[in-house]
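Structures follow.
Same chain, two partners: subunit A is paired with subunit B first, then with subunit C.
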Partner chain A sequence: MIHLKQLSTQQLICLVILTQVGAHVLSIPYNESRNSGNDAWMSILLGGLIAQVVILIIYWLGKRYPSQSLPQYVTSILGIPLGVVLNLLFAVYCAESSLVVSVTYASVIVRWLLLTTPWYIILGLLIAIAAYIASSPLRSIATVTQSIMFMFLVCLAIVLISGSGKGDMRNILPIGTHGIGAVFKDALPALWLYAGYELLLYVFPFVRSYKQKSIIIAMSIANGLTTLTYLAITFVVTYKFSEGQMNYISEPMVFILRQFNWPVVQSLDILFMTIWLAVIAVTVYVYLFLSARYLASVLPSGIRKHTLLVWIIAGICYVIGLWGDHREKIIRFSVYHNFATGVMVILVPVLLLLISFMRGKGGVVR
Partner chain B sequence: MESSQQLANNTTAIQEMLSNSSDFQTTDFTAGGRHYRLYYLDTMIELAAVQEHLISPLLLQDNVSVREAVSILNVSETQLLTDALTAIIEGKTVVQIEGDATLYLCATALNKERSINIPVNERVLRGSNEAFIEDLATNLNLMRKLLSSPGLVVKYYELGRISKTRVAMLYIRNLANSDILHEMDRRIKSIDIDYVEAPGFIQELVEEKLFSLFPQTLITERPDRVRSYLMDGKIAILSNGSPDCMIIPITFWSFFQSPDDYQINWLFGSTFRLLRIICFIIAISLPGAYVAMVNFDPRILPFEISMTLQSSMQFIAMPAVMEAISMLLILEVLREATIRLPSPIGQTIGVVGGIVIGTVVVQSNLVSNTMVVVVAFTGLASFIIPSYEMSSAARLLPYPFILMSSILGLFGLELAFLFVITHLSRLHTMGVPYFYTGLNGGTMRDTLFRSPIWRLKTRPKESMTNNKVRIRNPRGWEK
Partner chain C sequence: MKRMVLCILSLLLLSGCWDRLPLRDLQMIDAVAFDRNEETKDIAVDLIVTSLKRAGMGEGEPIAEQTELEGKSVIEAVGKSEYMDQGPFSAVNTRVFLMSERFASDRPVKELEFLLHAPYTSINTPVVIFKGEINDLIKYKVSNRKAPIEKLNTFIRSLDANGLIQNVSMMEFLTSQRDSLDDYPMPVVNYADTKFELESAMLYHAGLYTGGRLTREQLRMLMFMIGVDQGKQRITGRLSESSGVQNLTYGFSVKSVHNRYHAQQDSGRLPKMTIDVRLNISVFDIGENIETLKPTYSHKMQQLLITQFNREANVTIQALQKANCDALGIGKHLRAYHPKLWKSLDWRNDYPNMKIEPRFNIHILNTDGFEEISMKEEQADNYAAPLFSARNIG
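Moving on, here comes the complex of A and B:
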């Protein structure tokens, strides 16, 4: 029997872009303009550049163990007890990420689309469809993601079209008045927007490519396209709203979409938020999938059934998510989430690479 | 069971084995001092052949063996009555000489077959107008005529313990992937069943996913279509008694291809291909989208359009979901009735369907005008898909879509879409992925569009063929 298990570089690009892009899109550049104001685009760009550096680090790490994924080689870097702990931490972090994203978007749906539908139904269905997708093999997941890429492009077109209406170019000027410090300060929240590239830690050995270099090229293209998307949204928002207005509107994209009128479609925001659901689902199911895979590497081989693990994790996420129906709670919780992202996505790969360098090429073979 | 030298013994033995079947006959004649007896089923032999090529040569020639005397291509000898019995059932005439236990099996089977017709279910405007018939030999003959290559391999299987249906697997050596061939061979050989209703039974016994609306094998009645798939490196299964040919492995996009696409200008071909795919999406989602917009988000539509909708729905008592489901159901009943109805009273359907359903239902305020438009368009869109199986899938899928969007609006519709895409991505035929997106430059050429022939240089990747190149020097005259 022939079963394709490997990803093409194109599928990798789709997976990474759509995992990076998530529920934040509606609120860009609210968090990123707290200090930098109309220079938020610089912070976004800077965040993208930092993300690119982290991608390079993850790539170097993967290159040292080209035939293994992180849950396998982490024990040869850190030894068995620490490696197991780190795998568990990654499993928890991924589950938590998928929970945060699904809860955030469910709250968007409850606030803007389905005002009277109960919270538990919306969240339940969102997590259920994500779990169904995540329980598939990696190749099927990649195919689904490629199909969702179409929807992402439609959304992007909607954003660009709605941004072309009335606005003021001068909102972007004067450039750089907030100072370089403010830009750097806001690059930190911008950095959280790019989380998702740590996917490479797991999928590195599954990418089918003639040269390893094409993996880093694909990753850079993906990260670059995400940066461009975020920049486009930032420009659209700054074009439409002045700095003073931006301070009061935490989800500017919704307002821009809502006031745009077409002879065929009146309120683009409904259309956008509905289609965007698929893009959110990618982030949710990729993290669910990763969480199950990290967990499976820790568990004894008897209970490693992927489908079962995915559904168990999804169930736990759902039960915790039932308490998340207040927006304040989500905002408060996102502080911890951002901290966890910083540690797991940026700090851990850097440390792993350093330790693996110290251990010598290829690490300790057990 | 050994044959006896006594004619009477053999006759009773065969009669017993055939349970005294009334169509079993024997004929005796003497020539050159020898006493011949023929055993046969009178319903299965061709009388003229027996008279001309068996009896008359034996009557005219003395002192030669049966084998030398008769002018029949396929003559074999046996000593076993069981062999003779199978031969008699197949329509052979068995000859025996008194005092000799040898049985001569002469092929004199009567073949009642209809002539080759034009395809009824897969019509095209341009291209060949031959269709398979029920006779396997004729079908293989058609295929051999279309593909006169020594590489065309025909492999027979006998399926069905009782029916002994002959099934043929066709492929082209060096093009078909050997792993897929082995797998198909293994699966067909594992079938142990009393009789096969081919290719429906075979299809259900070899496909991977048991619960799926989507067809996992392609059924066609057109030899030219089978040829094009064989040339892509796929496997075709033909069986005696059925004019349908089964193609495996297959992908989602193949169901939107029609032989027409390759006969006309590639620009038209691409347009119509794209039209079919869009119609598939419309067929499964339009009623759902309508229900979602009417129930949840009328503000997605411009004011004027929602006013029109509102005025048409003003006096309708039923909720939009009920309207949509009942109208689709009526359409489905109409479709089924048209197939089953005897043709002389077929026109009644037009009257009942067109006037009663279309006009009166609206006039009596049971269903809104716009809903009739939506359902009619949905129905038309589902009929545009060239494959009957895929078009049936497209007519069953709207129901869950409608239910989802009636509960959750456009959000539910999107969830249903994601579910279908995931289901498609999880399907495999013979281990080959069933669905892939046509995003990639290599795969887009013959999926969403029909690229010009000179761009289709390689065979599609899903057949996993080793010999990838299809055209070597396209438009070489230009240089």
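Moving on, here comes the complex of A and C:
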């Protein structure tokens, strides 16, 4: 069995947090401060609040079909032909997310850590490790993710430690001078940072809980902790760099880690990036897993073998990723990815919920 | 569980043998020095590599070697190292960046900007202006066989630790050009007769040399005004003759420094800034036996020190304003706490004309407290008496 109904709420929290955080922690709050400047933290917070609303929508949708996951109930909402197309689109979106995350982080490694190691080796190893884990049952994936949570906490501690010391609190002040419009404008790129909660569309029926409410509580805790993590990074960066400096440094966290001087560990950036690789792997393997599951739902029962599907998708991602060693391509591609995220993660669940309400279909309360 | 262990272990594979750096072949650069030829404008980059000889015996003998590279720009000069037998060099552990005064005065950030994005480059290393010959740094003293470059690293670290000056790291130096309010003093270190000495500080505004300098004494005042903890520093001096006291020397260590900026909008367009500095000090010389330092005497001395420090701080502020270098961070304060006022200012033109008043408040902590009551009475008398009150107007 690929998914036993044994995902605890703690495991759900770990899965959601580590799927949400990804390669962009190094660039926060560059994209989120283009208009709002030193008020970027407000945009980040607003992005988290909007993500929470989307989580609520996904939860309401899942609550109407508590014993089914999205690939199963989507056909009852949209009908079989449209349902199959949507499942296929979700499979492509998840594979694409997996590709974007692995290519983005492989680019970070090639630029800052392993300068001469070939691109195909770094990308290949990252995708292979992720595919190996993604081919496991959901419960095993959740257990591995729980272990990686420790590495995430170590990284968070490194961020906070490197953020201490020389800086200027006055960089954060004055608050709100850029206007509410600028904050809202930058909330959009901030919203993309939180993608990962759509995991609930699939795992909803597999969460072991006494009350359905505990699912939304777990999801809110996870999203809240991710928001706090992003806020902590934003404050550290704003404390270290003025608004003018932030405009010229697209990966501020890399520089803060490089700048930190500690006699015990010489290059904190190298340590951080190496450990963070494990956190990145979670996002990659969760999306690979989801892609394989969505794909399996549209394929005939004879070729639904999960492991095979995961390795096929991973292989395709790897082959496409071989062309991603140019940073400009990654940045250009991420624009399409953000658009796809907006449609698949926000728009589709909203529409599905509305159609579901209109059709009056609801599930039996567990 | 097996799978999980396998997965985590396989992450180690990403260490990558392509990027292996064998320790034996590494040429770790200890210090990098930049100079500019006055006539040709060519750049000279000196790389000082310290390696251990005979390290197999338990303790090694450090040997410093110098490699000079030349080019039209820093990056061109550095690129030449690839063709030399001494390389390849690694700047991952560089302990100090040195700039000659010529180099430091002529848009140094433009020349060094590439370092920010160069991987394996130590950008948290302090940058100092070096006055002297680079060759001298690798010459050994016969007595201890230690190259001066090793002493230089310790010296520069101690400057920051003792609050003599705030070191500017390479990253801070390079990113300062992107912040129009990032002004700071950069230490000028002299090397003569096998001794290092902090000579003065060159004043920078957004990565550009302003043409102004601060003396060591002015630098000390600046550190007080920006509230830098003076560490283990022992501050000594002599009261000026205008105080009315002849030949009185003082010596103290600072226990704590607190500063506060106040902006006051008078009738004029420009605000008046007041810098309140509270110094809690422990004296070891103040013209009288410390063992019997009575509150009355101590209070008088406090007032004399306040007058003197206010005067010296005023001179420092004038030097900063003349150089249009806001090392006190007044612009940052106004932007952060008085945004409306800030918007009405044309900062670079207004800053040199602003009225900035330092107000020192010095407290001697190691006074003999038995005269507590009488001290209060004395204080009241003193405020009434013209002798001190007239002099204490800062």
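The rule we apply is simple: the second predicted complex is superposed on the first by the 356 of 366 C-alpha atoms of A that agree within 3 Å, B and C clash if a C-alpha of one lies under 4 Å from a C-alpha of the other, contacts with A are read in each partner's own complex, and residues count from 1 in each chain.
Convention: a residue touches a chain if its C-beta (ideal position, glycine included) is under 8 Å from a C-beta of that chain, and two chains touch if they have at least 3 such contacts.
Please read these numbers as outputs of a predicted model, since none were measured by experiment.
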item	value
Fit-or-clash call for subunit B and subunit C when the two complexes are aligned on subunit A	clash
Contacts of A:Arg139 with subunit B and subunit C, given as first, second, both or neither	first
Which of subunit B and subunit C A:Ala281 touches, first, second, both or neither	both
Subunit B versus subunit C as contact partner of A:Ser164, first or second or both or neither	neither
First (subunit B), second (subunit C), both or neither touched by A:Thr116	second
Which superposed partner A:Thr307 touches (first subunit B, second subunit C, both, neither)	neither
Contacts of A:Thr177 with subunit B and subunit C, given as first, second, both or neither	second
Contacts of A:Ser8 with subunit B and subunit C, given as first, second, both or neither	first
Which of subunit B and subunit C A:Leu271 touches, first, second, both or neither	first
Subunit B versus subunit C as contact partner of A:Ser250, first or second or both or neither	neither
Superposition clash, subunit B versus subunit C, among 168-176, 222-230, 420-428 or 438-446	420-428
Contact residues common to both interfaces of subunit A (with subunit B and with subunit C)	109, 113-114, 117, 121-122, 125-126, 129, 132-133, 136, 140, 143-144, 147, 261, 266-267, 274, 277-278, 281
Complex interface listing, subunit C residues touching subunit A	3-4, 6-8, 10-11, 13-14, 16-19, 92-93, 116, 119-120, 123-124, 166, 169, 171-172, 175, 178-182, 329, 332-333, 335-337, 339
Subunit A to subunit C touching residues, read off their complex	109, 111-118, 121-122, 125-126, 129, 132-133, 136, 140, 143-144, 147, 166, 168, 170, 173-174, 177, 241-242, 244-245, 247-249, 255, 258-261, 266-267, 274, 277-278, 281
Subunit A contact footprint on subunit B (complex, rising order)	177, 179-180, 183, 296-297, 299-303, 408-415, 417-419, 421-422, 425-426, 428, 430-433, 435-437, 439-440, 464
Subunit A to subunit B touching residues, read off their complex	1-4, 8, 10, 109, 113-114, 117, 121-122, 125-126, 129, 132-133, 136-137, 139-141, 143-144, 146-150, 261-267, 270-271, 274-275, 277-278, 281
